[in-house]
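One chain, chain A, appears in both complexes that follow, with chain B as partner in the first and chain C in the second.
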Partner chain A sequence: MKKKLLDFAAKMEIPRLIIVGFLLFIFAVAFITGLPLDSLFSASLVRVGMNGVLVLAMVPTVSAGVGLNFGLPVGVLCGLVGVLLSMQLDLHGFVGFFSALLFSFPLAVLAGWAYALLLNRVKGQEMMVGTYVGFSSVAVMCIFWLLAPFNNPELVWAIGGRGLRSTLTLDKHFAKVLNNLFLVKLGKIEIPLGLLGFFGLLCLIVHLLFRTKLGLAIKAAGSNPRFAEAAGINPDHTRIYGVILSTVLGAVGIVIYAQSYGFVQLYMAPLMMGFPAVAAILLGGASLQRASIGHVILGTFLFQTLLTITLPVASRVVQGDISEVARLIVSNGMILYALTRGERREIA
Partner chain B sequence: MVSLWEELLVVAYALEMRSITKQYFGNTVLKSVDVAVKPGEIHALVGENGAGKSTLMNILFGMPVIHQTGGYDGVIQIDGVDVKVDSPARAMELGIGMVHQEFMLIPGFSVVENIKLNREISRPNLVSRFLGSKLETLDLNTMGKESQVALDKLGIDIDHWAPVAGLPVGYMQFVEIAREIDKHNMKVLVFDEPTAVLTESEADLFLESVKRLAGLGLAILFISHRLEEVVDISNNITVIRDGEVVGRLAKDAARVDRIAELMVGRSVKQSALPPRKKEPSDDDIILQIRDLAVDMPGEKLQNFDLDVRRGEIIGIGGLAGHGKVALANGIMGLYPGTGQVIKDGQKLPLENPAAALKSNLAFVSEDRRGMGLLLDDSIEDNIVFSSMQIQNKFLKKHLPWPSTHMRDAEAIRAYALDTIRDLDVRCQGPNQPVRRLSGGNQQKVCLGRALALSPDVLFASEPTRGIDIGAKNLVLDLLVEINREMGMTIVITSSELAELRMICDRIAIVYEGRLVGTLDPTASDVDFGLMMAGGIGTGVKAG
Partner chain C sequence: MSTQNPVIPTKKTGISLLPLVSKNAVPILFAILCTLAAWLAKMDPWFLASEIITRLARNSLLVLALLIPVSAGLGLNFAIVLGAMAGQTAVIAITHYKMTGLWGFVVAMLASAPLAALLGYLAGKIMNRAKGREMITSMILGFFVNGLYQLVFLFLIGPVIPMQNRSIMLPSGVGIRNTVDLFRIEKVLDKLWRPIVLGVRIPMGTLIFVGLICAAIHFLMRTRLGQQMRTVGQDMHIAGVAGIDVDRTRIIAMIISTVIAAWGQLIFLQNISTLNTYNSHEQVGTFAVAALLVGGATARRATIWQAIVGVLLFHTLFIVSPQAGHAIIGVPQIGEYFRVFVAYGVIGVALALHAWQSRKS
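Right after this comes the complex of A and B.
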C-alpha cells in the first residue's frame, strides 16, 4: 500500500500534489466560511470550457518538438480579427460564432505557416523567440486596430469614428451562445454541456489527428528528428504542421473565450494570453517534450478551479485581493519549474 | 622482447602504470594493464574504439568518472614513487599533462593569454594589497617571454600576441601543447589523437615537434588511429584490445600491418553456416555502387566502388574513422553524398531517405539510441513506424488521403507480437517503452523495424555495438537466419572483424575512405591486418 502511494506520488510529481493539496485546502476553507460552493464550482466549469482550447493549442507544438507555444498571441490575434469581421457584418448567434471561426481559420493557417518558417530558423530557442514573436505581433496589431477600415459604429470609437475600441461587447452578437447551449442544472450546480462538449470535441479531434499517419510523423519528428529523417520524414515540414495547428487552435480558443466572457479585448490584452495556457498544461503534467490531451484537461481544471475558488476565499479570509497574486505565483512558478527540469527525460 | 624488458628495467621510468584493472558496474573494461614510459621516450598506445585507451587515460588523470564508479586497482608510479591520482588537479601537480583532441582554447584571447590562462604572472599593486591577489597587475612582459620559450621548444614561429581565433587549426594544436609544456614540472605529456584534425603537412610539422619534446626529456604517451605516424615516431608501442594488452612492440619490430592485426585480429573458429539453395554470384548484382562519396563527419568516404551480389552477406570492415559506416549512411541518404548507386537497374537518388526506403532498402543505424529508436514510444510503435510512413501499412483507410489514415491498433499489435516472438525480444509486452529495454533487445527492435519494411537489402551498421556477448551472438544468428530463410541481401558494417568473419560471404575493407579490396572470411589475419593498414594482401579477390 505504501509503495503504491509512493508510486502514485512519483507519478503525480510533488508540485502537482502541492497544488491539489492547496486546492483541497481552499475548498475546505470555502466550506467552513460558508461560501456557496455550488456556484463556485459552476463558475469553474465555465472557466474550464472557456480556457480549455487555448491550453489545447499547446499540444501540437510540444508534440512537434517546438516546445510550448509562447507565441500563442499570433493565433489569438487571428481569432480576434475573425470575431471583428463577424461583428462588422452584424452576424448574430451561432451564425456569428461560426463565421468568426471560419474567417479566422485561413488567417491562422497563413500566420501559423509564417511563424513556423521563422521557428525553423531558430531551432533550440523556439520558446524564447516565440515569446517575442507574440509580443511584437500584439504591438503590430495595435496599429492595425487603429487603422483597419472597420466602420460598424459598434466597433469604432464613438468620437472621431476611427479606430477600434479597446473593449467591445458581444451582447448583440454571440455572447454566451455556447455557454447557454445545453445548460444542465444539477441541483444548484450548472453544467454548461454545450461549452464543455465543444471543448471535448476539439480535444477528440486533436487526439485523432495525432493517431493519423501525419500525426504520428509529427510526433516522431518532435521526439527524435534524426529518427524521423531516417524514416524519410522531413522534420522541418512536420514542425510547420504542428505550429499551424497550434495557431489555428489559438484562434478557435480566443473565439470561445470571447463568447464566454461576452467581451472582446483588443490592443495590449492578448499580450499575456500565452502564459496561463502554458502554466495550465504544465500543471497538468506535460513537459517540454511530451504533452497529451489528459494533461490539457487535468491542467485546465486544476488551474482554473484554483483561480475561481481562491478569489472569494481569499477576500473573505485576508480581506484583500490576493487572487491575482496567487495566479501569478502559480502560473509563473509552474513555467519556471518546467523550464528548469526540461531536459530531465534525456538522462534516464 | 625479454632483452628489451631487461634493458628497460635498468632505467627509471617517468611514468609506470602497473596491473591497472577497472570495472564499470561489474563489467571489466581494463584487465591488469601495464604501461611504462621512460623520460625522452615516445610511447604509443593503440587500440580500436572501446578498447580501453580512454579509460586508462581517465585513470591517469584522476577523472571524477573513475572515482564515482568505484575507483581502480593497480599502481601508478611517477619517477618511481607511488602516487594516488584522485583528481585532475592532482595529476597536474604531479606533472602529467594532456593535449586534448578538442582544443580547449579561448578564441578571443591571444596566444600568450591562452598559454598562461589561470597561471598568469602578476605583480602586486595598490588595489591588490587591499582586495587580494586576484586583482594584481599582469606581468605581460614576462608572460610573453615565457610563452615564447615554450613555443621555441616546439620549434614554432607564431606571433604570440595574435588572437587564437584567427590561427590555422594546426597552430591551435601547438598553442595547446605550449600551454602544457609551459608548466614547469611537466614530466609526462599525453596526446589524445592529436593529428586527427590536422592536414598532412601540419601533422608532419607536429610530429617533428613531438620528437623535439621527447628530446628535451619529456615522457610522451601518444594515442592515435593513424598507424603510419605511430610507427614513424614511437619508440615503443602498446596495443590494447578489449581492455587487455595484446602486444608490445619496440620500434624496430613495429609494422603497420602487424599492429592492425593485433588491434582487431582474434582467431575465431569459423562455424559452418547453413547452405543456400542458390549461392550468390557476380552474375546477379542487386546493388551497384560507383564513385560514391559521402561527407559524413569523421567517416568520409570517396571514390567508392562496390557490387553487392543478390542474397549475400557482405561485411564492411576497416579501422575507425576510415569511412566504413559512411557507406550505409550515404546510400540511405542520411549524409550528403555524390556518385551513382544503382539498385536492380534503377538509379537511386542520394540524399533522399524516403526514396532509399521506397526502393526497398532498410537500415539499422549504428547510432541506436540517437537515430534508431523513439525511446519513449512503445515497442510496437517503433517496429511499425517506418513501414507505416513509407509503405502506408498498418493504417485504416477511412479517407482518400494517406496522411489522414488512422493507425490500425489491431494490425500493429498482431504484427508486433509476431516480431517480438520471432526475434525473441525480452520485454514486458508490446506496450513497453523501448527506453526500458536492454541494449540487445533495443537492437532487436531496430532490426524488427527494418524487417517490417520487408526490404531487399538490409544495411546493418555496427549491429552488435554496445550489447553484451550473448546478445551479440543472437543478433548475428538472426542476421544469418534472415539471409538464409528470406533471401535478404545483408550489408553489415562492424568494427569487430571477428564477427564479420563469422557470418559474411566476403568482407570489403575500407581504408582512408576508399575500398582497398575484398577478402574471403577465411583469409589470414595477416591479410586482414595489411589491408586495414592500406596495403594489398595476398588473398585479395576483387579490387
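Right after this comes the complex of A and C.
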C-alpha cells in the first residue's frame, strides 16, 4: 500500500502534488470564509480560454525537439500587428477578430521561419537563445510602435508624443466577441462555450496535425533525430515546421487573449509573456522532451484557477496583492524544477 | 562586423592588424557606435566624462562578478541577481539599525557575505543538476528568488518577521517601502578619496576597492583552485578523471561570484543612495551580462579587461543613446528602446554565436 502511494506520488511528481494540494486548501478556505465560489469558477474558466492557446503553442516546439518555446513573444508580436491592422481598418465584431487572425498569419509564418532557421544553428541552447530573441524582438517592436505609420486616432496619442498608445481599448472593435458567444448559465456558473470551444477546436487541430504524416515525422525527429534521419526524415526541416506552428499559435493566442481582456498592450508588455505559458504546460505534466494536449488543458486549468482563486482568498488573510508574487514563485519554481530534473537527452 | 575597419594590413607592415581587429570586433564596433552616438547627441564632453567615470565605479564590480563562473564553465551567471538581493537585504538591515557612514557600509558588506555565500551554494547545487543548460537555469533561478524576496519584504516583514520602523516600512506596518532613502551611507566609499582631475570628480575610493577585487580575482585564478576551475571549465569529464571534484569546484565558483555580486550591489547602492526595494536588482543580471559581452567576452572566455572595457562602452551608449535618438528622429524614447534592444540583442547574438561555435567544434 505504501509502495503504491509512493509510486502514485512519483508519477504525479512532487511539485504538482503540492500545487494540487494547495489548490484544494485554497478552495477549502474559500468555502469556509464564504467566498462566492461559483463566480470565481466562472472567472477561472474565462481565463483558461483566454490563456490556453498561448500554452498550446508550447506543444509543437517540444514535440519537434526544440524544447520549450521561450521565444513566444515573437509570435505574440505578430498577433499584435494583426490586431492593430484590423483596428486601423476600423473592422468590428467577428470580422475584426478573424481579420486580425488573418493579418497576423503570414507574418507569424515568416517570423517563425526566420526564428526556426536561427534555432537550427544553436541546437542545445534553444531555450536561452529563444528567450533573448524574444526579448530583443520586443525591444525592436517598441521602436516600431513609435514609428509605425498608423493614423487611426484611436490608436495614436491624441496630443503630444508620437507613435501608438501603450494601451488600446478594443471596446469598439472585437472585445469579448468570443467570450460572449454561446455564454451558457448553469445555475450561477457562467460557461463561455464559444471561447472554450474555440480553444478546444485549436487543440483538436493541433492534435490532428500531429496525426498526419508530417506531424508524425515532426514527432519522430523530435524524440530521436538520428533515428529519424536514418528513416529519411530531415530533422532540421521538421524542427522548422514545429517552430512555425508554435509561432502561429502564439499569434492566435494573443489575439484571443486581447479580445478576452478587452485591451491591447504594446511596448514592453509582451516581454514576459512566454514564462507563464511555459510554467502552465509544465504544471500540466509536460517535460522538456514531452508535451501533449492533455498537459496543456490540465496545466492551463490548474495554473489559471490557482491565480484567479488565490487573490480573493489571500486578500482575506494578508494585505496587498500577493497573487503577483505567487505567480512569480509558482511559475518560475515550476520551470526551475523542469530544468533540474536531470532528465538527460541524448546529445545529438 | 570587421568591415568597419579601414586599415587593410599589407605584407610590408610585418605585424598584421587583421587578427587583432577580428578578435576585438565586438568592442570596436561598439566603440564606433558610441562615438557616433556621442557626436550626434552633441553632449558636453566633461559631463560625459564624469558620467562615464561615475558609472564605471558604480557598475564594474557587478560585471566582474561574472568572470569566475565563466572560467569554471558555468557560462554567464544571470543568478548574480541573488547576490544583489543579499546586498539589498543587508542594506535594509543597516538602515533599520540606523548605522551610518563607512562603518555601516562595512557592516553591510560583512552581513551580506554569508547570506550571499549561502545563496551561491544553493545556486551552485542547482547548476550542478542542470549541466548543459546553466544559463537559462540561472536566469529562471533569478526570477524565482526574486519572487521569494518580494514575498519576504512585501508580506512577511511585519506579521511574521517582527519589525517596526516607520521610516522604511509601508504605513500599514507590513512590508518595506518601495524606496528606501540610504542617506546614511550615501557615497561613503566614493567620498573616501575623491580628487578632482581636469574638472572631473573621480570616486577614487570605489575605484581602488574595485581594483583590489580585480587583483584578488587575478591571483585567485593563478592558485591551485583557480587552475582547477579552469580545467573544469575546459572539460568537466577530463577534470573529473584528473581527480578534481567537479561539482565542488563549480559550487565554489558560484559562491565567489554571488558574494562579489552582493558587494557590487552595495557599491551601486551607496552611489545611487536610494534603494528601489523591488526594482534595483531586477535588471542587474541582464545589464552586467550585456556589458561583459559588449567588452568582447564570450560565454566561455572573459577577462578583467573585457569586463572594464565593456562597462565603459555599454554605459557610454546608455548615456548618449536617448539624446542621440532625439537628435536623429526627434523622439527621445527611440534611444531608450534602442538601448534596451542593445542590451537584449547583444546577449542574444553572443549566445547564438556561442552555441553555433560550440556545435562546430
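Please note the rule applied: the second predicted complex is superposed on the first by the 332 of 348 C-alpha atoms of A that agree within 3 Å, B and C clash if a C-alpha of one lies under 4 Å from a C-alpha of the other, contacts with A are read in each partner's own complex, and residues count from 1 in each chain.
Here is the rule we use: a residue touches a chain if its C-beta (ideal position, glycine included) is under 8 Å from a C-beta of that chain, and two chains touch if they have at least 3 such contacts.
Please read these numbers as outputs of a predicted model, since none were measured by experiment.
Peer 1: Superposed on chain A, are chain B and chain C clashing or fitting side by side?
Peer 2: Fit.
Peer 1: With the two complexes superposed on chain A, say which partner A:231 touches: chain B (first), chain C (second), both, or neither.
Peer 2: Touch partner of A:231: chain B, not chain C.
Peer 1: Which partner chains sit in contact with A:290 here, chain B, chain C, both or neither? Use first/second/both/neither.
Peer 2: first
Peer 1: Looking at A:128 after the superposition, I want to know if it touches chain B, chain C, both of them or none. Which is it: first, second, both, neither?
Peer 2: Only chain C is touched by A:128; chain B is not.
Peer 1: Which holds for A:208: it touches chain B only (first), chain C only (second), both, or neither?
Peer 2: first
Peer 1: What is the angle, as a multiple of 10 degrees, that the CA centres of chain B and chain C span when seen from the CA centre of chain A?
Peer 2: The C-alpha centres give an angle of about 70 degrees at chain A.
Peer 1: Just checking: does A:220 make contact with chain B only, chain C only, both, or neither of them? Give me first, second, both or neither.
Peer 2: Once the two structures are laid over each other on A, A:220 reaches chain B alone.
Peer 1: Given the touch rule stated above, what does A:332 touch, chain B (first), chain C (second), both, or neither?
Peer 2: After superposition on chain A, A:332 lies in contact with chain C alone.
Peer 1: Any idea whether chain B or chain C touches more of chain A?
Peer 2: Comparing chain B with chain C, the partner touching more chain A residues is C.
Peer 1: Could you tell me how near the closest CA atoms of chain B and chain C get once both structures are overlaid on the shared chain, in Å?
Peer 2: Shortest inter-chain C-alpha distance (chain B to chain C): 5 Å.
Peer 1: Spell out the part of chain A that touches chain C in their complex, as residue ranges.
Peer 2: 70, 118, 121-125, 127-129, 131-133, 135-136, 138-140, 142-143, 146-147, 162-163, 268, 275, 318-320, 322, 325, 328-329, 332-333, 335-336, 339-342, 347
Peer 1: Under the definition above, what is the set of chain A residues touching chain B in their complex?
Peer 2: For chain A paired with chain B, touching residues are 208, 211-214, 216-217, 220, 223-224, 226-227, 229-233, 289-290, 345, 348.
Peer 1: Sort out for me which residues of chain C touch chain A in the complex.
Peer 2: Going through chain C, the ones touching chain A are 126, 129-130, 132-133, 135-137, 139-141, 143-144, 146-148, 150-151, 154-155, 159, 172, 174-175, 329-331, 333-334, 337-338, 340-341, 344-345, 347-348, 351-352, 354-356, 358-359.
Peer 1: Looking at the complex, which residues from chain B come into contact with chain A?
Peer 2: Chain B residues touching chain A: 332, 334, 353-358, 363, 365, 367, 370-377, 381, 385-386, 388-390, 392, 395, 402-407, 435.
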